[in-house]
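Alright, structures below, take your time with them.
One chain, subunit A, appears in both complexes that follow, with subunit B as partner in the first and subunit C in the second.
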Partner chain A sequence: MNVIEIKKLTKNYGKARGIIDVDLNVEQGEVFGFIGPNGAGKSTTIRTLLGLIYPTSGSATIFGKNCTESPEVRKELGYLPSEVFYYDNMKVIDLLKYSASFYHKDCTNRIKELAEIMDLDLKKKIDELSFGNKKKVGIVQGLLHEPKLIILDEPTSGLDPLMQQKFFELIEEENKKGATVFFSSHILTEVQRLCNRVAFIKEGRIIKVEKMSTLQENTYKRINIEAKAGISSEAFNLRGVSDFTAKGNTANFIFKGNMNDMIRKLSEVELRNISITEPDLEEIFLNYYAKEE
Partner chain B sequence: MNIFLYEIKSLYKSTLIWICSLIGLSALFLSVYPSMTEDAAGLREIIGGYPEAVRAMLGINLDYITSILGFYSMIFSFVILAGAVQAMNLGLAMLTRESRERTADFLLVKPVSRFTIVTSKLCASLTLIIATNIAFSAISAWIANRVKIEAFDGKLFFMINLTLLFVQLIFLALGMVISLFFKKLKAVLPVSLSIVIGIYMIGVLFATDKEDVIRFLSPFRYFDITYIIENASYEGIYLITGAVIMAVSIISGYLIYIRKDIHA
Partner chain C sequence: MNIFIREWRANRKALIIWSVCMILFVLIGMSKYTAYSTEGGSDIFNQMPTTMKALLGIGSFDVTTMSGFYAFLYPYLALTTGIHAVLLGNGIIAKEERDKTTEFLMAKPVSRASIITAKLMVAVINVLIINLITLVSSILMVSAYNKGESITGEIVVFLIDMLITQLIFLTIGTLLSAFYRNPKASGALATGILFGAYIISKVTDITDQLGFLNILSPLKYFSYQRIVEGNGLNIGIVLLSIALIAACTSLTYLCYQRRDLSI
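For the complex of A and B:
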C-alpha cells in the first residue's frame, strides 16, 4: 500500500518556478529520503502534501486522501517543519498538551518519554529556549501522538551531533513499530543511514528515484591530491571519475564507484597530500544525475 | 473547542485591559456630569460655541446636552472609537496570528479543517467582544444611575450602549477580511489605528449631512444617537447595511482563508 501518493504535482508561484510534474510513491513502512539542494522544491512538495498550499495541477494524497478535502487524515500524521516556531508565551508542556488535544488520545506518557529521550525541560517557557531546544520541542510535538506517517523537513538542522544520533534512533524505532517516514534533506550522508529509497529533486523536477542499496554501492567522494611529480590528465582515466581537473602537481575530482579500485590507483602515485571528502549534492547532481538525463 | 479555548486564553488579558479602559473612559466623563449640569446654561453656551463640524463629530445635540442621555452620547463617541480599535485589532489578528508568529506549520497540519479553525477563532473573538459589551453596559449603567440628577430612560440608555456592539461587530468582520489582503501583517496596532481613524475621519469630514450617502462609508455614522433618543429606534437602512457588511466580510474571509496558500 502506498502511504504517500503524489501524481503529476505542479505548483507555480506566478512566474517563479515551484515544482513541475512531481511523481512519488512512498510505501507503507518505508523510510523515504527526499534529497535536493536548497530551493529545489522539497518544501513546496511537502507543504502541498500536507495541505498547506494548493497545487496548480496534479494531486498529492496521504493514506489515499487529500489533506485539504479530508483534514482528518492528518490524525495519523506527524510533521516536523524545518524551522520551528511556537507560540512564545507558553510553557513547553502547555504547548505539547495543546498539540495533543487535537488527537483525542492521552499522550501524557509519550510526552514524558520523548522529553526524556531528547533531554528536554518541559517546564521552561518556549521563548527561553535555544534554537536547538526549540527543534526538540518540534520533534516531541511531531511524535507524541504516535503517528503512522512521519514527515520531516530538514530535521537535523540545529541539532548537535549527539542529539542527531538520538533523533535518528528515535525515528528508526518508530519505523520499526510500523511508521512510514518521509524526510527531506540536502545532506546525502544523513539520509544514507536511514532510508530504503531516495528521490532526488532539482529545479522543481524529480530527477531520479533510487534504492539506497544501489546508492550505497556507489559512494561519492571528492578527492584532492597533491603529488610529488606532475599529474597527467590521463592518470585517473578510470570509470566513475568526473569533474577532473589537474594542475601541475595537484588534481581534483569526484569518484563514484568501488573505493578499492580508487585506492589501488592512488597507491600508484607518490603522494604528498590527500583529502577525501563528501562532495555536496549539487556536485553529485551536476556530475552524475544531470548528465544521465 | 480546543482552538477556541486556546484563543480565549491568549486574548483575555488584553480584553480585560480594553474593558477597563472603556469603562474608565466612560466613568471619567460621567463623574463630571453632576458638576457640569450645575451650570447648564453655561455648558450649553460653551458647547454651542464649538464649530458645527466638531459638534457633529462628537455627536452633540445642544437640546439634549444637559440630560444624562445627551451628555452620555457625547462621551459615547469616544467609547465607540476606542471600541472600534479593539474590534479591529481582534479582527486583524485573528487569522494572521499564525503567519505573524510563524505557527502555521503547527496549527494547520493538525487534523482540523480550515473551516473549523476560522470558526473557532471567530467564535473566540465574538465571545470576547460580547463579554466586553456586557461588562461595559452593566457598569456604565450602574455609574449613570449613580450620577443622574433626574430619572432617565433605561431602555434608551441600553439602546445607545448596544450600538457599541454593532460597531464592534462590523469592525471585527472588516478586520478579519482586510487582514487577508496583507502578505505579511507584521504589527497589528499601527494598521488597526490607521484603518479605524481613517474610517472615522471619512465619517466626520465628509458626511456632515444626515442624509449624505457618504454616511454609508463610515460605520461610525450608522447609529445617530440623537435619532435613537428621539425615536427610540435605530435607522433600519443602516442596521441592514451594517449586517450586510458583516456578512459579506465574514463569508469572504472564510472563502479566502480556506483557499489561501500558507507559506513558511
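For the complex of A and C:
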C-alpha cells in the first residue's frame, strides 16, 4: 500500500517556478529520502501534500485521501516543519499539550519520554529557547501522538551532532514500530543510513528515484591525479568518466565502471600523485543521473 | 474546542485592557456633562455655526440635556469599539500566518472551516463583552449625572446599534485576513477602512448633499436623531446590516478555504 501518492503534481507561484510534474509513491513502512538543494521544491511538495497550498494541477494524497477534502486523515500524520515557530508566550509543555489535544488520546507519557530523550526542558517559555531547542520542541510535537506517517522537512538543521544521533535513533525506532517516514533534506549523507529509497529533486522536477541499495552497489570513485606532463582533455575519454576537469598537470573526475580499465588507463600516464576517494552521493546524482535524463 | 480555548486565552489580556479602557472612556466622557449642562450653556451652542457643531460631533443635538449629550458622546464609543472589532477580526485569523504558526496548525486533523468557526466564536464573544461593559457603564454613569428623566431605553438602542456596527467591522476584519495572503497588508487595510468610514461620517455630517456616501460608513447606518427622538432603529436597515454581516462571514469561510496559506 502506498502511504503517500503524488501524481503529476505541479505548483506555479505566478511566474516563479514551484514544482513541475512531480510523481512519487511512498510505500507503507519505508523510510523515503527526498533530496535536493535549497529552493528545489522540497517544501513546496510537502506543503501541497499537506493541503497548506493548492496544486496548480495533479494530485497528492496521504493514506489515499486528499488533505484538504478530508482533513481528518492528518490525525495519523506527524509533521516537523523546516522552520519552527510557535505561539510565543507559551511554555513548552502548554504547546505540547495543545498539540496533543488535537488527537483525542492521552499523550502525557509519550511527551515525557520524548522530552527526556531529546533533553528538552518542558517548563521553559518557547520564545526563550534557542533555535536548536525550538527544533526539539518541533520533533516532540511531531511524534507525541505516535503517528503512522512522519514527514520531516530538514529536521536536523540546528541540532548538534549528539542530538542528531539521538534523533536518528528515534526515527529508526518509530520506523521499526511501523511508521512510514518521509525525510526531506539537502544533505544526502544524513539520509543515507536511514533510507530505503531516495528521490532527487532539482529545479522543481524529480530527477531520479532510486533504491539505496542500488546506489551503494555501484562503485563510484573520485579520482585526482597529478602527472609529470600536461594532461589533455581527451586522455580519459572512457565510458564511465564524468565531471572531468583537467588543468595543466592535474585532472579530477568521477569514475563508475570496471576498475581494471581505469587502472590500465592510468598506467599510461606518468604520475606524480594520485588519490582515489568516495564521492558523496550528491555528486553521484548530479553527475550521472542529472545528465542521463 | 481546543482552538476556541486557546484563542480565548490568547485574547484574554487584550479583552481586559479594552474593557478597562471602555469603562474609563464612559467615565471621563460623562464627567464632562456637568460643564455642558451648566446654565447658559445652551446659548453658546445655539450661536455656534452648524459646520462647527458638526465637526465637534454635536450636530443638531441639544447637548445640554442628557439625551442629547449621550448622542454626542456615542459616536466616539462606536468608533472605539469599531477599532477593537476590526483589529480583533483581522488579527485573530491573520496571526497564524503572521507568527508562522500555520504549518503547525494545518498539520493537525482540523479543517480550515472549523478553525474559522472557533476563531469567529471567540471574536464574537469578545465583542459582546465589550458591548455589555459599555452598556452597563453607560447606564450607571448616566444615572449618576442625570437630573432629568431616565434615558436607559435610548442607551439600550444606541448599544444595539453599536453591536451591529461592531459585528460589521469584525466580519470586515475577518474577511480581509481571509482574502489577503499578506497579514501585514490586511491589517493596514482594516484600519484604513475604519478611518475611512469615520472620515466619511464626518463629511456627511458637515454637508447634507453627500448623504449617499453614508452607505460606505457603517458608523452612519442608523440615524442618531431617530434614536434620540425615541423611534428606535429602522428595521429595514437592521435587516440589511445583518445581511452584510452574513455576507462578510460566508465570504470569510469561502476565501480562507480557497487560498494558499502564506508560510
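We take it that the second predicted complex is superposed on the first by the 229 of 293 C-alpha atoms of A that agree within 3 Å, B and C clash if a C-alpha of one lies under 4 Å from a C-alpha of the other, contacts with A are read in each partner's own complex, and residues count from 1 in each chain.
Everything below uses one rule, namely that contacts are C-beta pairs under 8 Å (C-beta built on N, C-alpha and C of every residue); 3 or more make two chains touch, one makes a residue touch a chain.
Note that this is a predicted model, so its numbers are computed, not measured.
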Fit-or-clash call for subunit B and subunit C when the two complexes are aligned on subunit A: clash
Touched partner set for A:Tyr79, first subunit B, second subunit C, both or neither: both
Which superposed partner A:Arg47 touches (first subunit B, second subunit C, both, neither): both
First, second, both or neither for A:Gln141, with subunit B first and subunit C second: both
Which of subunit B and subunit C A:Ile276 touches, first, second, both or neither: neither
Contact residues of subunit A, present in both the subunit B and the subunit C interface: 47, 50-54, 68, 71-75, 77, 79, 81, 83, 85-88, 98-99, 101-103, 141
Touching residues on subunit A, where the partner in the complex is subunit C: 47, 50-54, 68, 71-75, 77-79, 81, 83, 85-88, 98-99, 101-103, 141
Residues of subunit C that touch subunit A when the two form their complex: 2, 6, 10, 99-104, 106-112, 258-261, 263
Residues on subunit B engaged by subunit A in the complex (per definition of touch): 2, 6, 10, 101-106, 108-114, 116, 259, 261-264
Subunit B-facing residues of subunit A, complex: 43, 47, 50-54, 68, 71-75, 77, 79, 81-89, 98-99, 101-103, 141
